[in-house]
Each structure stands twice: as structure tokens, then as C-alpha cells.
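One structure coming up, written as C-alpha cells, with questions to follow.
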Amino acid sequence: MEKEHLLKLLYQVQSGDLSPEKAVLQLKQQPFTDLGYAKIDGHRELRQGIPEVIFGSGKTPEQIIGIIRHMKQKGCNNILITRLSQEKAEQIQQEIELHYDPVSKIGISGQKGNITASGYIVVATGGTSDIPVAEEAAITAEVLGNSVKRLYDVGVAGLHRLLSHLDLLMEAKVIVAVAGMEGALSSVIGGLVDCPVIAVPTSIGYGTNFGGLSALLSMLNSCASGVSVVNIDNGFGAGYLASMINHIGN
Amino acid sequence: MEKEHLLKLLYQVQSGDLSPEKAVLQLKQQPFTDLGYAKIDGHRELRQGIPEVIFGSGKTPEQIIGIIRHMKQKGCNNILITRLSQEKAEQIQQEIELHYDPVSKIGISGQKGNITASGYIVVATGGTSDIPVAEEAAITAEVLGNSVKRLYDVGVAGLHRLLSHLDLLMEAKVIVAVAGMEGALSSVIGGLVDCPVIAVPTSIGYGTNFGGLSALLSMLNSCASGVSVVNIDNGFGAGYLASMINHIGN
Amino acid sequence: MEKEHLLKLLYQVQSGDLSPEKAVLQLKQQPFTDLGYAKIDGHRELRQGIPEVIFGSGKTPEQIIGIIRHMKQKGCNNILITRLSQEKAEQIQQEIELHYDPVSKIGISGQKGNITASGYIVVATGGTSDIPVAEEAAITAEVLGNSVKRLYDVGVAGLHRLLSHLDLLMEAKVIVAVAGMEGALSSVIGGLVDCPVIAVPTSIGYGTNFGGLSALLSMLNSCASGVSVVNIDNGFGAGYLASMINHIGN
Amino acid sequence: MEKEHLLKLLYQVQSGDLSPEKAVLQLKQQPFTDLGYAKIDGHRELRQGIPEVIFGSGKTPEQIIGIIRHMKQKGCNNILITRLSQEKAEQIQQEIELHYDPVSKIGISGQKGNITASGYIVVATGGTSDIPVAEEAAITAEVLGNSVKRLYDVGVAGLHRLLSHLDLLMEAKVIVAVAGMEGALSSVIGGLVDCPVIAVPTSIGYGTNFGGLSALLSMLNSCASGVSVVNIDNGFGAGYLASMINHIGN
Amino acid sequence: MEKEHLLKLLYQVQSGDLSPEKAVLQLKQQPFTDLGYAKIDGHRELRQGIPEVIFGSGKTPEQIIGIIRHMKQKGCNNILITRLSQEKAEQIQQEIELHYDPVSKIGISGQKGNITASGYIVVATGGTSDIPVAEEAAITAEVLGNSVKRLYDVGVAGLHRLLSHLDLLMEAKVIVAVAGMEGALSSVIGGLVDCPVIAVPTSIGYGTNFGGLSALLSMLNSCASGVSVVNIDNGFGAGYLASMINHIGN
Amino acid sequence: MEKEHLLKLLYQVQSGDLSPEKAVLQLKQQPFTDLGYAKIDGHRELRQGIPEVIFGSGKTPEQIIGIIRHMKQKGCNNILITRLSQEKAEQIQQEIELHYDPVSKIGISGQKGNITASGYIVVATGGTSDIPVAEEAAITAEVLGNSVKRLYDVGVAGLHRLLSHLDLLMEAKVIVAVAGMEGALSSVIGGLVDCPVIAVPTSIGYGTNFGGLSALLSMLNSCASGVSVVNIDNGFGAGYLASMINHIGN
Amino acid sequence: MEKEHLLKLLYQVQSGDLSPEKAVLQLKQQPFTDLGYAKIDGHRELRQGIPEVIFGSGKTPEQIIGIIRHMKQKGCNNILITRLSQEKAEQIQQEIELHYDPVSKIGISGQKGNITASGYIVVATGGTSDIPVAEEAAITAEVLGNSVKRLYDVGVAGLHRLLSHLDLLMEAKVIVAVAGMEGALSSVIGGLVDCPVIAVPTSIGYGTNFGGLSALLSMLNSCASGVSVVNIDNGFGAGYLASMINHIGN
Amino acid sequence: MEKEHLLKLLYQVQSGDLSPEKAVLQLKQQPFTDLGYAKIDGHRELRQGIPEVIFGSGKTPEQIIGIIRHMKQKGCNNILITRLSQEKAEQIQQEIELHYDPVSKIGISGQKGNITASGYIVVATGGTSDIPVAEEAAITAEVLGNSVKRLYDVGVAGLHRLLSHLDLLMEAKVIVAVAGMEGALSSVIGGLVDCPVIAVPTSIGYGTNFGGLSALLSMLNSCASGVSVVNIDNGFGAGYLASMINHIGN
């Protein structure tokens, strides 16, 4: 709870405008709405200037519609739904206006915001198959007000593809490196640039990639400095963090 | 290789100041010195304004002395040696002036630099046993020119210890969350603040902590946004990345 | 075998009311009925006052119907079937009256019992997606005669949602904490309350959650005291144990 | 924070006895003392009637002495130190009076309390080698005011050893089952009794026991109801939880 | 190659009945037929008196039919096909006479042999869900000429179910113990009897059973002597080995 | 970048035929075409004399068609597509001429090349179920201009099947050993021959084969010299490397 | 409990020779002695004709001496102590007569028994480094009355070493195959012989042998029939089971 | 067994120069010497022209001396001992002349042979700490008659170090890429060259490198063609295989 809010409340108690009992009640009044199956934090947008995000996987279309409707009533007009299957998206679209991107499996209710950060984010992938995860990162970052440059299929087994875009890489404010299989992309990029590199292992591959474990371990063991890692296939997390870093100093 | 450097070289070829053969030679002339057992990048300090770092583990004292001596000749006066055992440090100190910190196992040859970033970094730990890793992060960040605030033993099993420092956390530019065992510290901090959180799992614990695996998995699965993870016990990597982020906009 | 039962049998042999041969037979007469594919313990309800439970997964509808019918003949009128798919439930409902809950995948043949314990159990979840496992725990506990209070979607990434229900938590007799992903919920709750906390890791998540492993390891490594763990997704086990603890002293 | 405490504080603000600024200060005044390397919760004994516990592993003797001294000043006279090596214990004993048990590696500063719960706890082990972990559980429970009955070397490969103590088991309020290797002890006990069984896997064994993993998985997969599990070798956690359950209704 | 066969061949060379070149040819003449996709060992039945076995999984119905036809031509009239899906079995039955058991997924082309061993094999399971694996063991053993006694659903969580059949167990020549989940059945049986116990872990369970890993590790760590283990769900291997042991001394 | 190319470029700058600015541009001109979702290396065939390979899994039919069309325009007339499902192959065949092999899941657009290496490659499998992976290796090697001899179903449990083909094995230039389950084939072959053995673990098996892990570990631990390993089920990689070795000295 | 014993007891109750109370007492009288830290089963030798075995690891020398002394008083004169370190053995030898073998780490108090089975056991190893585990198996079997033939360093990478002893292998009653690294020995032997093969994986190796895991998985996945597996490095268990099988029919 | 040898033997039988009985004996006469603890293959040098290799780890100095002495008697004068600790080497040196290299832990009894292959092998490492494994590979290859070029500390985090030696790499006949941590070196090299790349993962690193697992998985998942992998830290295996490939066509 914020200090200012608390002080204001206490002044009201001091001045007699608020009884102690009611103050306790207010202190307990949650800054979220309880739908039973979900507790929605309606203040976040005001507080942080960013849209609300719904993790679509594991929620029924009915639950997602309920959450969106509640948010819209509270004034949110920029809602991101991640990990949303085509099937669920179509069910939701029958009730609510929703833009859906089948590659990234992102749904957007409302409009993409304006670009609010001066630098740009590079989202790079090792291969073509990593694109869905990369798009999750890129679209998330775009919705959060960032300029994003895509650099796909530049894996380390053909270094010239990567090296021919060195300029683009070296002027980025932050880079999201998305790769499956041996996951070496983040190490090579991390050794070439001086900005933070967010590594996203993907589950792309077969056999000993063990669902993304090989790329994950590679990235965690990167001998390049400035590299940190998010969960396997977590494009959203990388896009969100990249936006956070890209907005520093803006 | 930088575009400007290449252009300048080509102008010299064009003007006849440099023969094509010598240009190829120059292009091949490495921006590092080869000691046989190590290839030292002497340009990095000039280029990036940061000290050179030696990973002490797995190198002999003789190799470390050789690398430091070479760097000093090249003008580096701020060299960090990480993962340096007390025993090796003492052998090195017989040959070269070296400040050694036994908790973080960091050696410094030269002087800590000035503070060059306006914001501050919080380094927090779940328990007392996580302090060595946290100190590796904190001292690294200090050597790289950052103001660091330490917040130790604030694990989630006693939330009031953490919540009583909310102000400190909420005004940080970036937070390093160091924790072993269940590694929940980064999730809780990530849910409280709006700045990037770098999670460092530690190998502290026993049984099912499996050498830090439990904390690592927890941190990678964090449901809080803005959290990314480095290798188990990698205090250096976290301190380096925190410094990188803290210097954005400076 | 109970001492009293054995003594009584021996007195009968001593008095000649029972031949040694028949005593051996009786001693071997099982306190269960053998259906070939299952050995049903019909005495348990009498002995323990609790309903019989059938683990539905891996049994055919025919086997389940056979077991229920046999139990009903023996006088059981409160039978719980867990892990029962909608499809199997519908096949069973064509033969036998059965209440089926599709969220928890629990079937109940007979009536829920009365509340037989004075305290209450809190069942809390980290997210909306953990609800099916939580409901398995909650309904199991209700069928076993407990008052259950549900507290869903209170994960540690938004601490205020949890802290606003501190009163409810602190007066519980026992708490079931259900969480996937980083599984930190049980540690945070365990640090806030003084009652036993039963942690249920769920397989909810993706990538490095490795089918619930990350939450499991987090929970086992909890630095809060009073926390113990059951199998991944084992809502039934948690509900059963919670009921056992909630009935102590009643 | 407790509701009563908050209400009282607010009444003082209302009455003008306390300025809002000072109230904020008080609200921020931590219920713990900060030693830098550790934040000690001095109120816990008063609040929960139980002694303070120090996890000895990973702390220096100097840190442990510092924590004990501070606690004694605050009035604690019953301090448990777990995972304390003989060597550290001897260093501490040169400064402070300390009872040390080399089998369980527990140190006690102060006196064991009286027995405050009416029931008893059974601590059982599969083999002789599991005794150190079992003693950690048993002594912890005794220090916390419980009557403990030890039942060692009753592993399932010789069932008659266990069955000959059925009476003892069936009248226990809670049972701690400590076992390494195949860890089947908790399942067999769980099937015989109606009270909660806390299973403690131990790292005793070799080869495929993988540091206690085999026993842990066995215990988590127990088909007996009423069984929950703590971390490998976590005798303290089991003893603490057993005490919590044994004190219900007292 | 058998010594007798070699000697005979050499005598033929010595006597001039066989040229050295033809002897080399014969030595190279394989005791199997090459179908391209499979090399069938037609001599095994004559040599070992047991039927040929086809591992059905991963072979097409056409390949299986081809192998059976070839064998029948060579005189085999007792062919076992394991891991045969219902769908493949039906395709094969359109071409060849085949008895198919959907529980064990075993197909038999030809007739079950007579009982050729004097003792009997017990096949026991922990639960009802383990029956398919147990039936694979039992039917394999029956086809190989053994008397088999089934003892299903006698898991250790209800010891009385197992103990009531002690006589049956103690007179067995060899016991196959089939169990999933915590896999304790083999340890308990191994402690009760003096004959070899073949433990078969099953993939029955969920969560931390990790596809049978928990039962496997339990069984490998058994503290009872005389227990050995086969692959997860490998009922065939257990039945085959049990038959081998049961035939010793016959 | 090749030294000759660089020298030529620099001579052109020296001679004034090329301005430095244009040279920089040329240096940046990628030796690949950027389709957005893929960066195609059109020079590789010229440079290395081998066909281009497309990894079909994770690419849409549209993307594959786009890549093939672009390649054909650039003059490639021998394109290999691996891991291509029957369904995708049929969609592609509606647009482009494509030969598809359903066993190896390889598609070929263009014609198989001539045999360009004098020696031969043996591709051996442990069982019938390993054939799809073996065919991927064999066809890849054939397309790359090698003579391939297949030796299927010669697993170590029936050594005579393998030993009867010793001549074939001992005269091979390189051997690809494909095996699942216990993966011993490569060790046994490696001990019999003096040429390089490329081991390919397959995911064939069940239970503890853990998706090919058991075969992989066996092969990596081979005590025979001259054995190296590729990813689980990576027939293509083995065939490609075998071709590379078979072409040495040609 | 044996049926005969129970019947006899009941006859005594019937005849009045024994009061029911005393019968209960007798039934509870354990067939073992309780030393507190160990429950010794003194009847086993009489019952099974085999010596008592003490698992030395994890027991103090004092505990081992106590157990041996107690057994000797009960009449055991053939006691095997496994996993006994040289250091502990020397401490025990100061108190009690003990034969110690430093290779197998077996101690024997008393005399080796006579050979009581007509067949012989082969103990084979893959390499020289596997000998300690093999000797544990061999000496155990010898103490239990078996003739043992050792066949060391016959790993599959040099098949001729194994094949030159085919006669010895084919006439064995049971074979113990001890191997580390890729563990293929048991598969190859299992394919050559018709008797049971007990596979013992060893922790010999490095890197991906992961403490014996690679050999263990190989052995469990053996495609040869008649192979079963014991714990990594469990020479004792293999020797014990081999003896059990070798005594069938004697 | 070689065909020529067999034919010759059979001719002798045909001609009466050899009785069938003696032929059997000869066929059984092993081409190795049996020292009990080791079976030494004395023919290998003659057959393959390469020195005998002893795996030193897990053998006693006495055993190693015994094996060397036996080999010398048989005429071997070029014996390689790998994984030989300094301590054992010194014990052996007291009995036998031995050259010992403490970095690679290789001992050589006899003289290095001449260079017998025309091409050269590159041995490259990612870091300084990987040098011991690389030296094991390099010295092994040198002893086997190869020219070796070392390229150490050229990890992918500083690509310019690697790219500045492109000429050396592109003209190699085969490359051994030794790397720990993220193990990306082999992928990057594999993408730059057209010759076989043998990847050696090392156990260098900490935390999530899990004893070399991360580098191993990276290398197995390499998206570059022509890369195969040997066991973690297996420098010898890589050097041996590199020599085999480098000798093709010589």
C-alpha cells in the first residue's frame, strides 16, 4: 500500500472525517474486484500506465469474457489476452470485439497504444519455427508502446545472416533473442552488443531438446555478460520486460 | 567490426595510403592479445568504459597473474577477478597488489571507479546464507559505478521484513533478488515494483533444492512480470546486467 | 488386526465355541470383498466414519459400477469417485444415480454428509487455472463433513489480494494452498499463519514448470514452518488430510 | 498485521494521542531487529508460544552467536539451532552455554520446555541409518513441548517388526515416518492408522536413491490417504509440523 | 555357435565331405531368415522349446503378418505378439487366425502350450489399474507353460488384503509384483517370502509418478533381498523371466 | 567471408572501380535472400556442391513452397525437405512437383544426384522399428551422392545376425548405427570395425527409454573408440556427416 | 506368521494349556531383538538357512559390534557385513575377530559355509574398474554356498573376449553381469544364453554416465529376454538373488 | 573373426595338418592375454597400426604396471595411459619409464610416433578452463600420428577471436571443438566450415551447467550439419576419432 494513501487516510481519521472502524474497512477494501474465479486489479492501468493482461490458457471463454467486460466497465480500453487458442478466440468474438493474431495467439480488445519510448527493441529468432514465440514478444512490446524491429531466422549456424545486421543490433536499446535447439543465439548476440539481451528459449526442436531444456540451459550458461533468461516459450514475459527497459529514461 | 573503422580503412585503400594486402592484414589483426592459454580483449575498456573481468575458477594463479600483468601494460587499472579462492588470492598477492574480499570471493586489482549512474540498485536476499552470492552482485555493481543498497534476509516466510522496506524497493531503478530454497523472493518483489527484477537462484538449501534447481525453476516460472533469471549463484552476471540497466539514460 | 478382536476370538476357542480350524479360517476371512479386479474394504465406513473412495482413473465404467453396487449392498450410502471423466460419468449415470461435478471431476453416489467438525478449512489458489484441483480438495473435504472457505486467484504476484483476506486465513484450522507455476503461495501463507498448511502443486503452467515439478520443488523447499506437500494435482489427498486435521479434538 | 493492533493505533490517531506521521512510522516499525546479516523476529515467541529457531548451516559461528545473544536480550530462553556441525558447536560453546546433540546436530541454548500437549507423537524409521534425521524431528518436537515415542528400524522388508507395535501406532495423534531407500514406510503406516502421517524422505542409500529422490517420489505417490511429505532430510520441519498438529485441541 | 555344431562341420571338412569354401559359406549361413525389415530366428523354438515372440509396437500390420506367415512355414505354431493395438489386431485377423486379448494387448497365433513346470507363479498387483501389465506377464507365462495364480489389488496401503493370502505367496516358486505409484509392493512381498521376486513398475499414477519413474526407483531401492526389476510396464519381460526361473529343476 | 573475395573487393577500391561507400554496401550485401520468415542461403550449392535442405517441421506448407520456389529460381534443382508430414507433403504436391517417402518423411524436389564417392556407407538398425530414422539417414546420404548398404534388425540381443555380416561392416568407409532401447549396437559395431561409427539414438521403446534418453546415454558412454553421437532420431544429421566423411579423399 | 505356528498356538488355547491373554502376548512377542537403534531378526538363519547380513554403511563401528555380538549370542556363526570401510573394519577388528576384504569392502565374522548348490554362478564384468562391485556379488554368493566363476574385463567393445568363454556362459545356472559406462554387457550375454541374467549397473565412468544412470537405463531397456536389474553398484543384491536362483531344485 | 584366417584354418583341417579338435582349440585361443583383472588385446597394434590405450582411472598403479609390462613383452613400444592422476603416475614412474603430462593427465610409455597423415586437426576451446580436455584430445591425436593446431579461448561471446582464425579453420581436415558452459562453439564452427566437427562438451562451469549437461545438450541440438558429439570431458575419444578421419585417404 502506498505511503501517500495511508497518510491521507490517517489525516481523515485525525480530523474525525473517518471513524477508525471505517478506516479499517477501507484499508481492507481491496484494490481489485472479486469475480470468484478471478480477482481483477482495476487500478493497475492508472498506476502503471499499461494495459491489463489476461493469461488465456486454462481459462474458459466465459471466464475471459467476464474479465474483459468487468475491465471495460472500469475504463480499460487496451486489454491483451495471451495464449489464446483460435477456438476460444472465435467464441469470444461472438460476444465481444476482439482482434486476434493466430501466429502469436494474442487477442487484443481495444486499440494498440501509441509509441511512448524513443529507442527500439530488436526481436531476433534462430529459425523460422521460433516465429510464434517471437511474435508474442513483439506484439506485446508494440501494444505496450514500443517500436520493434524483427530479425528472424538468423541462427548461429549461418553467422553471416546475423553479422549482416550488426548495425541494427548495435543501436538497439534492448534485444530479445528467441531460439530453440542449441539456443546459442543469445550468447553470440550478447558478445556483439552492449545492451541488455533477454533470452527466450523455445520448445522448438526434437529429441534432446527435451521441450526447450537444451536452449534454456545454454542461455543460462551464456558466457556473454548482459544476458538474462525467461521461461521457455515465454514471449510475453520477454516483450513486457523489454518494454520496461526500453522505457527507462523516457 | 564497426562500420566507421571499416570505412576509414577503405578510404586509405582508395587513397593508396594502404595496399589491399596490408588492409587484409589489418582486418585480420585481432583486437586482442593472444597469451596462448587466453585471448585478452584490450580494447573493451576503451570501447565500453568498463573494467575487464577475469573468471578466476579453473585458471591457475600463474595464468591469472599473466593476464593481469598484460592488462596493466595495456593501461587497464580496474580489473575484477571473480570466483577467486582465498588460496589463489594469497598466491597472487605475493606478486601483484590485489584487494580481496573473502565473502564474495572477488579480487580487485586497481581502484573501484566513481559512481556514474544516478539511480540505485537494490540487492536483496532471502536468507543470511545467500549473502556471498549477493555480495558478488553488489561489489560487481559498485566496481562498475553504481550505488547499491543491500537488503538481506527478507525471505517470503516473514513477509513483514520485506514489506517494511517497500519505499526502498519501489524507488529502485533495478532490483537483484538473490534466493535459494523455494526462490519465491523474486516473484513477490516482482509483484510489488515496476522496475526490472533480476533473479539469482542460489545453491543454498539441501535435499530437493538439488543444487539450486528448485530456486531456478521457481524464478523462471514467476507469474510476476518484469522478472528475468541468470545462472545459479551467478552474482556477477546479475550485478553486471543491473549496472547496464541502471546506466540507461545516464 | 485389533487386539480386542483377537482376544475375543481366542476366548471363543478357549471356551470351545470355536474350533482352532475355524478360528484360522476366521482369521483369514478378509475384512474385504474380492471382486477379482478389486478388493473392497466394506468395514472402513463403520470403522472410520468416512465414506469409501474410488480412484476413477484407470478403471472401466463397468468396474466402477460393480464396485458402487457392491458397496451399496453393504450399506455404504456416501461414495466418492475421483478423477472421473465426463464420458465415464455419463455411462455410469445410465445405470446408477450419480451426482457429477465437471470442474473437479468428482462423482458422488449418495448424499453429502453433515458438517462434523467445528473449525473451517481454507482452500486457496494462486490462479484461476488451479481451480479444478482446488475444487477436488474442497468437495472432498465437504463430503467428509467440513466447512470449507474458498479463496481463489490470490497468487503472490499480487500480494494485496492475499493480504486483504488475512483474517480469514489466520482463523482457519488448516489451509490447503493450491498453486502451479512458481508455487510460492504455500511459503507466503505458511509465514503468515500458525496452522498446518497442506501444499498442492499443480501442473498448471508451461515450459520449465515441467508438469508441476517447479511448484513441487518450491513447496518442498519452503522456508516457512508447518508446510507439507502432497502429489502434483492431488486435490483429493489434500482435502482428505485437511479433514483429518480439522476433525482433531472434535 | 493484526486487526486489533491496527484498530488501537487508529483510535490513538483519532484521539490525537498519535500524529498521523508517527502512526505511519509505527506502522513501519518492524517487529524484528536488523543485525544486517539477519533480521530477527523477536515477537514470535510471545505470539506463538514457541522458541525461536536458527538454521545453522551456512551461517558462521560469529553470526550464530550474534543472533543468540540478541535473542537472549529480548528474553528468549529456549533457542533451537539446527544443522549445526560439531565444529561450529564447539566454537559457539566457548562463548555461550549450549547443549549439543551430535546425532541430530541440534544445539539448544536454554532449557527444553514442559510437555504442553496431551497426545503423543511417534517417530518411526525404516533403518538404523535414518536415525539422525529422526532424532532431529524427535528433539525438535520435544523442545516444542511434545511427548515423543521412538520406533526405529521398522522398515517394510521385515513387516513383523512394524506390526508388533501396532498398538503404539494406532493410538498416536500424529506419526513422523522417516525412511530412505524405497521410502515405503509411510505408505504402509498410512494404511494402518487413521491419524496424519508426515513422511520424511532421507538421503540414506546409494545408486538410484539419487540423494533421497527415490524415497521422496515414493512418499509423494503414496496410495495411502493422510500422508504428506516434507523436504529430504528435513527432520526439523516434520517435528515442527507434528507439534503443531499434536497441539490442536489442547 | 555351439561347439558340437562346429566340431561336426570340421569333421566333414576333414573327411572331404565339405570343401573349406562351402564350410565358410555354411558358417556364414545365418540361423535366421532375412525379410529385409526383420531378421527372423527360426531355430529358436527347436533350440529353446519356447514360442517365438513379436514386439508388435512400431511394426505395421503388414510386417507382422509377413513375420507370422514366415514362421508358420518354418513350423512354429505358437506365436506371441505383444503390445498389439486392437486396431492392428483386427487388421491382422482379416488375414490370419489370431486370438487377441484386449486387456493385455497380446495376440496369440496358434495354441497355448501345456503346463511344463511343476511349481506356480504368482502375479500380484498393487491396484486395479495395474491389471493390463499384470495380464501381459500372466498370459506370457501361461503361454510358456506355467501355472499362474493372480492376486490383484493387494497394494500396501491395505496390508490385510495382502496378508490374507500369505500361504499362496509363501508357496510360490517365483512372484511377479506389478505396481505403479509408490511401488512398495515388491519390498513388502520380498520381505515376506524366500523366492525370487520380479518387480514390474507401471506407469499408473499421475504427477510425480513421472511415467513410472517413482515406482521404478522404489523397486530398485528395495531393502528386501531377492528382488530384481524390469523396465516400466514390461509385463512380457517379467513373465518370460518368471517362466525361466519356474522351469529350473523341471 | 572468404579472403579472396575480400582481396578482390579491396583491389576494386584501390583501382577506383568501386567507391568505399559502395564497398561497404557490398560487404553488407548478404549472400542470402530474405523472405522475412526465412533467410535462404542461395550460394551454398555452388560453394559446397550439395543440395539445400529444409527442415520441414514447424514450417507451414506455404512457407515451404515459398522457400522451394525461391531456390528453384536461384537454380537449385535438388532440394531435400526433412521431417515432412504426409499431410503437408500432399498440400505441397498440389503446387509443386515433389517426390515423397512416407517412411523417412523426406520430400525431394528435383532429382537424386549421381554417386560421387567411391566408398560405401552402412546404415544398420537394432530393430525393425528403427527403420524410419535409418531411412532418413540412408536417403539423405543417397541424395548427397553416396552408395548406401542397409543392414536392418541386427540388434545385439541376437549377435549372430550382426556377425554374419562382418565382411560388409569391415569394408565400409563409415557406419551409421541406429538403435533405440539399450542402444548397444554402436558399441558392438565400434569394437568390430576400424572406421568412424556415427551413432543415432532413436526414441523407439517405452518406459525407461524416456524418449531415447537411454539409447543416447549408452552411445555417449560407449567404451569403443571411434564412435560419436548425434541427436535422438536425427537420421538426417547422421546421413549428412556420413556423406562428408565418405567424400574425404574423393 | 506361519499357519502351523498359529494353529499350534490355538490348539494350546483350546486345550487350556495357554490362556488367551498369554497367547496374545506370544503373538506379540517379536521374532527379533530390539537394540534400540536396530531390530535384529535372530530367527532368520534357522528359518532360511542363510547367514544374517549387516549393511555397514551409515552404522557406527559401535553399532556394528553390538549387532554382531548379539547375533553370536543367539548362535549365528556366519555374519556378512557389506559396504564396510577399511577404517571401520579396523576398529571392529580390535574388538571382534573379522575377516575383511578391501576390494569388495565385505567383512565376514565366522566361516564361509560349504557349497550347497550343484550348479555354478558366473560373475562377469565389462571392465577392470567394475571388479569391486563384482567381488561383492561373488563373495556374497560364495558365503551363501555357491560355486562362482569369475569372468572379468569382457566388455562388448571387444566381443572376442566374451565369445571365447561361450561354453562357460552357456552352462551357468545364472549369470551376474556387472557393467558401467554403456552397460551393454547384459544385453549381449542375455542374447547368448538361456538362463536368468542379473544385471548390475555400476557407477564406473564419467560425464554422461551420471553415477551409473546410463548403465542402469541400458540394462532396463535390454531387448534380450531373461534380464532383470538391481540397484547401481548393488553387488550384494545380485549375489543374494543369484544364490536364491542357483539353489532352486537343490 | 577374419574370413582369411578362418579359410586358412579350414584348409589345414582339410589337408589333415590340423585335427578338428585342435582347430576348435585354436578357434577358442583368444587373441588376447588374460591377466585376471584385465584381458589385453596384443594383436591390435599389428592389426590397426595404433598404440594400445589404457584407461587409467579406476585401475590401481599395480594393475597399470602389470598391463604395461605385459604389452612391452609383446612388443608394444607406444602405450598411452589416459585419466592418470599425478599421484599414480609418480608411483608408476618408480617402476617403469613414463612420460607424464599433468595438464592432460596423459602418461606415455614409449615414444610418440611420426606424423602419418597429410592433413591437420584443429583443436579449439571456448575458454582457458577447457584446456585440460583439449590437451587430452590434442596429445592423443599427436601420439596417433597427426599434426595438430591448437586454437584456445575462442568462445562465441567474443566472435572476433574465432573469426580472426577463419583460414586455419577452413583448411582443417577435421575439427575438435571443446567447450563447457553453453557449448555453442561447435555450432558456430560447424556453420563456418565444411569438414566434420567433433564436439566435446566439458564439465567446466557451475550451477545449471550440471556437470557438462548444458554443453552436451547444446552440442546434440546443434543446427549446424556435420557436428557429432562424444561424452563429456572425453578428449581422448575425440582425438582418437579425429585421427581416424584425418587418416582417411592417406
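Going in written order, the chains are labelled A, B, C, D, E, F, G and H, and every chain counts its residues from 1.
Throughout what follows, a residue touches a chain if its C-beta (ideal position, glycine included) is under 8 Å from a C-beta of that chain, and two chains touch if they have at least 3 such contacts.
Treat the numbers as computed from the prediction; the structure is a model and nothing was measured.
Q: Which option, C-E, E-G or A-H, should count as the same interface as A-B once over half of the contact pairs match?
A: E-G
Q: Going by the touch criterion at the top, tell me which pair is linked by more C-beta contacts: C-D or B-C.
A: B-C
Q: Can you compute the centre-to-centre distance for chain D and chain F, using the mean CA position of each chain? Integer Å is fine.
A: 58
Q: I'd like to verify one number: the distance from the centre of chain B to the centre of chain D, where each centre is the average of its C-alpha atoms, in whole angstrom.
A: A distance of 38 Å separates the two centres.
Q: Can you check how far apart chain C and chain F are, centre to centre, with Cα atoms defining each centre and the answer in Å?
A: Distance between chain centres, rounded to whole Å: 53 Å.
Q: Which residue numbers or ranges of chain G touch two or more of the other chains?
A: 1, 3, 127, 158, 207-210, 216, 220-222, 225, 231-232, in rising order.
Q: Can you list the residues on chain B that touch chain A in the complex?
A: 1, 3, 48, 53, 167, 173, 194-196, 198, 216, 220-222, 225-232, 237-238, 240-241, 244-245, 248-250
Q: Show which residues of chain F lie in contact with chain G when the two form their complex.
A: Residue list for chain F touching chain G: 126-127, 155-159, 180-184, 187-188, 190-192, 205, 207-210, 213-215, 217-225.
Q: Which residues of chain D touch chain B in their complex?
A: 1, 28-32, 36-39, 41, 55, 57-59, 63, 83, 201, 203, 211-212, 216, 231-234
Q: Within the complex, which stretch of chain G touches chain H?
A: The contact residues of chain G facing chain H are 127-129, 131, 152-154, 158, 160-161, 164, 204, 206-210.
Q: Quick one: in the complex, what on chain H touches chain E?
A: For chain H paired with chain E, touching residues are 3, 6-7, 10-11, 13-14, 16, 19-21, 23-24, 27.
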